[in-house]
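What follows is a structure written as structure tokens; I'll ask about it next.
Note that the chains take the letters A, B, C, D and E in the order they are written out, and that residue 1 is the start of every chain.
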Amino acid sequence: MMNNYIVRFLIGSLTSIILGLLYMGIGRKFIARIRRCYAGPFYQSFIDVIKLFSKHSISHHWIMDFGIMMGFSGIIATVIFLPIGNFYVFPDMKGNLIIIMYFMTIGYLGMAMGVSASGNPNSPIGIGRALALMIGYEIPFALAVILLIFANGSSLLYNIIQTQQGSIYNWNLLKYPFAFIGTIIALQGMLGEQPFDAMIAPAEIASGPMVELSGKFLGFGFLQHASQIFLETGIITAMFLGGGTIIGFFTKQLFLYLLTLSIASVFPRFRFEDGVKFFWTIPTSFVLFQLILFLIKR
Amino acid sequence: MNQKELIEYIKNNFKGIENIKSIDEKQFSITVQKERIINILSFLKLSNFKELALITAVDWIKEEKIEVVYILFSYEYEQQLIVKTYIDRQEPSIESIKNLWEIATMYERDVHEFFGIDFIGNDDKRPLILHNWKDIPPLRKDFDSLKYSNTIFGKFKKDKE
Amino acid sequence: MELYSTKKLKDEGFEQILNFFRKKSLWMLHYCTGCGAVELPPTMTSRWDMERFGMGPMATPRQADLLLITGYLSLKSLKRVIYTYEQMQNPKWVIALGSCPINGGIYYDSYSVINRLALYIPVDLSIEGCMPRPEAIIEGFIKLMKQIENGEAVGYKKYQENYKWYKQNQDSVLKREFPVLSGEEK
Amino acid sequence: MSEILTYLGKDEEYEVYELFFGPNHPGMSGNFSYILTVDGHTIKKVSPDPGLLHRGFEKLVERRLWLQNIALIPRICVPEPDINEMVYSTAIEKLCHIDVPLRASYIRTIVLEMARLSAFLFGFGGIGGTTGLYTASYWSISDRDYLLDLFEWLTGARVYHMYILPGGVRRDLPNGWTEKLKETIDYLQKRLNEYDRLIYNNPLVIKRLKGLGKIEKELAIEYGITGPNLKATGVKYDIRKMVPYAAYDKIDFDIPSQNEGDGLARAIQRREEFQLSLDIIRKALKDIPDGPVRANMPNPLKFKVPKGEVYVKIESARGEHAYYIVSDGGDKPYRMAVRGGSYTAGLILAQKVLVGCRIEDVALWMATMDICPPDFDR
Amino acid sequence: MDYKKKSFFAPFNSLKYLLKDPVTIRYPKENKKTYPEVEGVSPQYRGRHFNDLEKCIGCGTCEDICPTGAIQMVEFDDVKEKNGATKKRPVIDYGRCCFCGFCVDVCTTSSLGMSREYVNNFPTPPEATEDTQGEIISKYFIIRPDLNFSKNQGWITDNNYSWLELKRVVMGIFNPEERSNSFLEIVKGYTKEEAILEARRCVACGLCKDACPIHMDIPEYIMAIFNDDVKESVKEIYKTNPLPEVCGRVCTHKCESVCSLGHRGEPVAIRWLKRYAVDSLPLEEYKNVIANKPIKQAGKSVAIIGGGPAGLSAAYFLSFMGYRITIFEKEAKAGGIARYGIPAYRLPEDALNKDIDFIKSLGVEIKTNTNIDKNMFEKIYKEYDAIIISTGFDLPRSTNLSRNGMENVVGALPFLHDVREFLSNKISDVKITDNVLVIGGGNVAFDCSRSVARLQKMKFGKVKVTQVCLETPDIIPADKEEIEESAEEGVTLIYGMGPKEIILDDKGNIKGLDFMKCESVFDENMRFNPKFNENERLICEATMIIEAIGQAPDYSFIPEEYRSKMKFERGKIVLDENYSTGIEKIFAAGDIVKGPDIVNGIATGLNAAKGVDKLFN
């Protein structure tokens, strides 16, 4: 029964959604502590999602329904390629990085299509910013992926994880520290956290793309964001922190997420083109420096 | 120079002042005819009363007059100056001082909306603060706001007058 | 004038279960209509922290399901509040903060502040206080949660049932062609 | 092909569109709206649309007795209600030639400075909220709550105190209050270092604030900008020093000022004035005399102010907050005109300075200028 | 740490709060602990009101001061009826209240206060229909505050923070030495500023209006004095009070005893204000101030027997109803008890004459020195259309001690009558000795003893007066000021002693009086029959005795056949509702009908005038 693909797919996507919501709940309490208050219970995100699905919602155009569904399914499609600890949804695929890189952008494109049909002037501005920012953080992330592929000779995450087994010293984190720093900053952009969240900035464009999302659309947006957290932290743990067992994988993910939140809670927002300029200068130079080091060593 | 010298300086440099009254050691008021308001204000702006703090009006319904008040302040002398003129209440109109101070446009638009004074030269008459206002300007003394509030909002209980 | 239908408006059955989740995550619209909005930041931020009840400020009416009328409501902002209220999705609730929406408050004789909010949009809960303090606001939220749980917070259903009556009240205030005092009554 | 391109570019109407930075916008402090004509992200034209908070104070004041207005006027400006009571009481004292006992003047100074501190803390929250640094607003608004506890103890209410009356203040300091105030002042002093590290040393905040809405000295005076925004452009003028009221002439303090006049200078100016207020309170607490707290005043139902008019202004966190009060000798004010601190800044300067800025700068500019919409609508 | 330096790592320092515990107050479970002795809101917080319904007198001052019109005074019947208080209690509409606490600061009896309760929210019931929607919400918030929050007291006002001016404006008064050697008026009266300051204290609550026997509109004329408009105030006074000069000096001021300011401080000096208003307007001005009353020419004629306050007031009111009035006065001048019963230092001649001259100027004819006997009464009965008897109580009662009318034992009224004559030097001298004893505890007794003190100072240079009364200090009928001022002027007062018998010396003139202790003055159902105990005795030497133990009416001039038809009850005539004595055409007013003091006299005069008017139309 375990090798029946539908059941494996369900396991893969449900763990990403549930754990994503769990990380969001814990992340809220973490940020609340920095702000010296107690946030709600850790299962608050689950309640929010159930409430959102129970609400009545307006769709402005059928493209909007289609777009939101495409956004959510794009992220789920990427998650099933991700190695969750040592469990693989498609055992023979072994988590191919190039496919993951390709599928990640579908989520945003779907959201962009859905939201721009909503007719509120704030959402096209928001989506314009989101896509521009995507270009920003894709470059350092792509360079880091290229570096790892060169280093391990194969684009399969399974091999990358195998090279990092054993003791902590052969984690890619220690082998290529600068690439890790660049990717962490890229992760900040991927999750849309504080210094780079000009796209959903409530104070400027009234939460940008999510302006017109009501009821179940917002619910899907929530789920998409949750599984996105699971996905991106999962990729980086696989690439740099050596995937480890199921429990080890989840704790590393949580650690990465809380690291981004701590950066997020102490920095204000970039203007969005400063953010893109920042991405092209600081993290890219880190990863390039690491690439040069690697090429010299080889 | 202190207030007395300032008053002397203004009195003999500018004709047509009805009266100058010192309210306290840092504040004094001048009353001027309606026609000479632009000259006195530009004269004062030159003798460094640079800041226009407020334009407002007072509706003297018993004397059938509306008093337009310009409040200036000078940073050098640290003196507050209240310039007052009296205009007729039936068709109140006075020249606009738009070109002396940029901010006068908004003050005059505000006073126009609340008192119905027509500032000649300031043609920006769009409603600024009131919404869909069809009655007489509200800050006039003969406008009764409790009666207005009872007729339009008080559907159930009429408040004692 | 039989504008008002007397249909039973209580929530029953499946909706009662959903109400349990709705009550635990009320999202408040970040729109400060009046002076009561000065007491909302202390309630939201870390000294009184209303996030413990799962409540947080939301940027747009689409996402929010709780509209807080904080204090007095002038005519111009009444028009915006009605737009906002109609943009919000069911089930939605309205809380009137302070004494001004109840019976005119300190501006009872003002020509631009409405005396009774309940004539224009359905009010589910009125909290008394000339700016109720954060504790009173939190007590109000708890009372609203209890009210939602046993299905009595049905303002939005009342709005749907008696839309004509509310629309008539709103137009009598917002769309006036004739002067109020001197002109004849429209 | 080229005609199509030029055709599109030719008609200006397609290029720009109207964005309602409307009343229901989270970045908007208070209930107020700008209608921005936006080309992409840069703003072409700003037209303010005030009036959403209009209650007609100047009409309501004429319907109430002199002392009944003390309950009405603090509601004019929400973040700092005490300045209204102070201006109103000083105006009545000037018209009736009442002299206030010294202890009452000292208590008034302390209350005004505490109100200034809570307004500046709101200002830190504003900067945090609009730039996304929510930790700063969570901290500053909860620190402000400690000040409100002290107000609640002294005056009986958290925000609208109705404590400063013509002739003095309403109650004497409860015992144990001054120690609690000293304790809170030291706590806020410690917190100020935290804010320095979080906001003022933060490179991103400095990048967002630098060069935002830059105004020179002459333009500021011409536009009637006053208070911290004026001192940020280099004019060293503070009403507490030039036209001293309450007990400011008995306390020596020097006025800080910057000279760039942009958003960062205004933020730093507010931080230095926060420090100044802490010192003023400490000095006032040290040499507060004993004695009565209120001159004996007639009973409020039969209180008449002699005929006359006066313009009284005091230093609020947003600039010069002033009333022009005319009395015809009756038991009700004949006319009261309110000059809010941020009237000219919010309505006229915005049309001049915001052109060319980006959308996200509007909310931040309002936070640094500390625009308070009830000043326009009254 | 210099706040201008840019540093990348500075913001991370705020992560240290992860380890510290948060500042949140988890409200429903925990509560704020910033205040030393109390948890939650501050000790003097302005929360919801509480009101002590017994202490509250329903004066309505809180309703006047409320800036939002939130307080309404509503009549309640579950409220106990109390003298000097209305049955109205404040009802507060919390849909209007702005919690300013002005009502508490201005409350005259400090019964209203604000508690530390702040929670009050109201979930709209689902079945609220269309026309009751707004009504249900606002009706829930209209509450009559009572005592259930008073245990959690927050904002209360004690006397030094109250907004009312509780202290009276001090009026100029001669010091004891100055005033005791002359019969000049002891009180100097208000100057203009003092009067305005005193008038400013009145909160215009109207309680005094109900307590005054003639329901004078006191808040009106005090407001007129405050607005510095004396003409208007005199016009207001003369609407109901014909003898303001007299009332301004000697009224028993029931209004002041009921004044709302009196609960926490000194009541408004209503009597002195009336006196100031009338004094500062010359007699000629009265004409144009009051003349505007309509004169109906009924052509009927009315005879008034007795020119005392009651007679004069009936004459005043009847003159406006167009009757021809003649007053028959047996003394040389009109005024009755006001002239001959009250000494000059409390009611000077010119003040009384001013009132009487004005009444004369209205066309009233006063025949003085005409003592009415039986057949005169018969002639008047036929001649005039109506008769008002207002002869008052002018026969002095006497203890039956002086067996054969010794020449040194004098009644109170004749003595005061001679003093008044001596002062207007109609008679050369008043018989006075250097050691006088006055018996009695009422105001009249104090008038006698203080007059004697003045005469002794004038004649002998030193004062030796002892006054003995039956009552104990708490039930003595005289005013408080009388007792204090007489003590200052050298009158020694002995309480609780009843006279037993006079002691004569060998030459037959009086040497002293023997007193015995008086156990109780009134018996169980409050009737006057004192009980004495023989064995406790006290001897006081005196060479002259004045008995001031009450007065009796003198109905000798009424012919027998009328007197039999009248009903008498303890010396007073019993009248029906429009003040007629049962005999056609005869009415009565004054002390012989009701009340010991002058203002009741005026009230009965007014009612008698109304009775007469009703008789004819």
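Some points to look at:
By definition in this document, a contact is a pair of C-beta atoms (placed from the backbone, for glycine too) under 8 Å apart; a residue touches a chain by one contact, two chains touch by 3 or more.
Since we're looking at a predicted model, the values are computed, not measured.
Think of each touching pair as a link: the shortest run of links from chain A to chain C has 1 of them. Taking the mean of each chain's C-alpha atoms, the chain closest to the overall C-alpha centroid is D. Comparing the chain pairs C-E and B-C, the larger number of C-beta pairs in contact belongs to C-E. Centre-to-centre separation of chain A and chain B, using mean CA positions: 61 Å.
Separating the CA-averaged centres of chain B and chain D is a span of 24 Å.
Taking the mean of the C-alpha atoms as each chain's centre, chain B and chain E sit 53 Å apart.
One simple way to say how far apart two chains are is to compare their mean CA positions; for chain A and chain D this gives 43 Å.
For chain E, the set of residues that touch two or more other chains comprises 11, 14, 22-24, 26, 41, 67-69, 98-100, 131, 134, 138.
Among the residues of chain C, those touching two or more other chains are numbered 30, 45-49, 52, 59, 74, 76, 104, 106, 108-113, 116, 119, 130, 133. Of all residues in chain B, those that touch two or more other chains are 130-131, 138, 143, 145-146, 155-156, 159.
Across the complex, chain E is touched by residues 30, 32-38, 262, 266-267 of chain A. Interface residues of chain B, counted against chain C in their complex, comprise 130-132, 134-136, 138, 143-149, 151-156, 159.
By the touch rule above, chain C contacts chain B in their complex via residues 74-76, 79, 104, 108-116, 119, 169, 172-183, 185.
Contact residues on chain A toward chain D in their complex (touch as defined above): 34-37, 121-122, 125, 194-195, 197-198, 201-207, 265-272, 274. Across the complex, chain E is touched by residues 1, 3-4, 6, 9-10, 46-49, 52, 96, 99, 102-106, 108-109, 116, 118-119, 122-130, 132-136, 138-140, 142-144, 147, 152-155, 158, 162, 165 of chain C.
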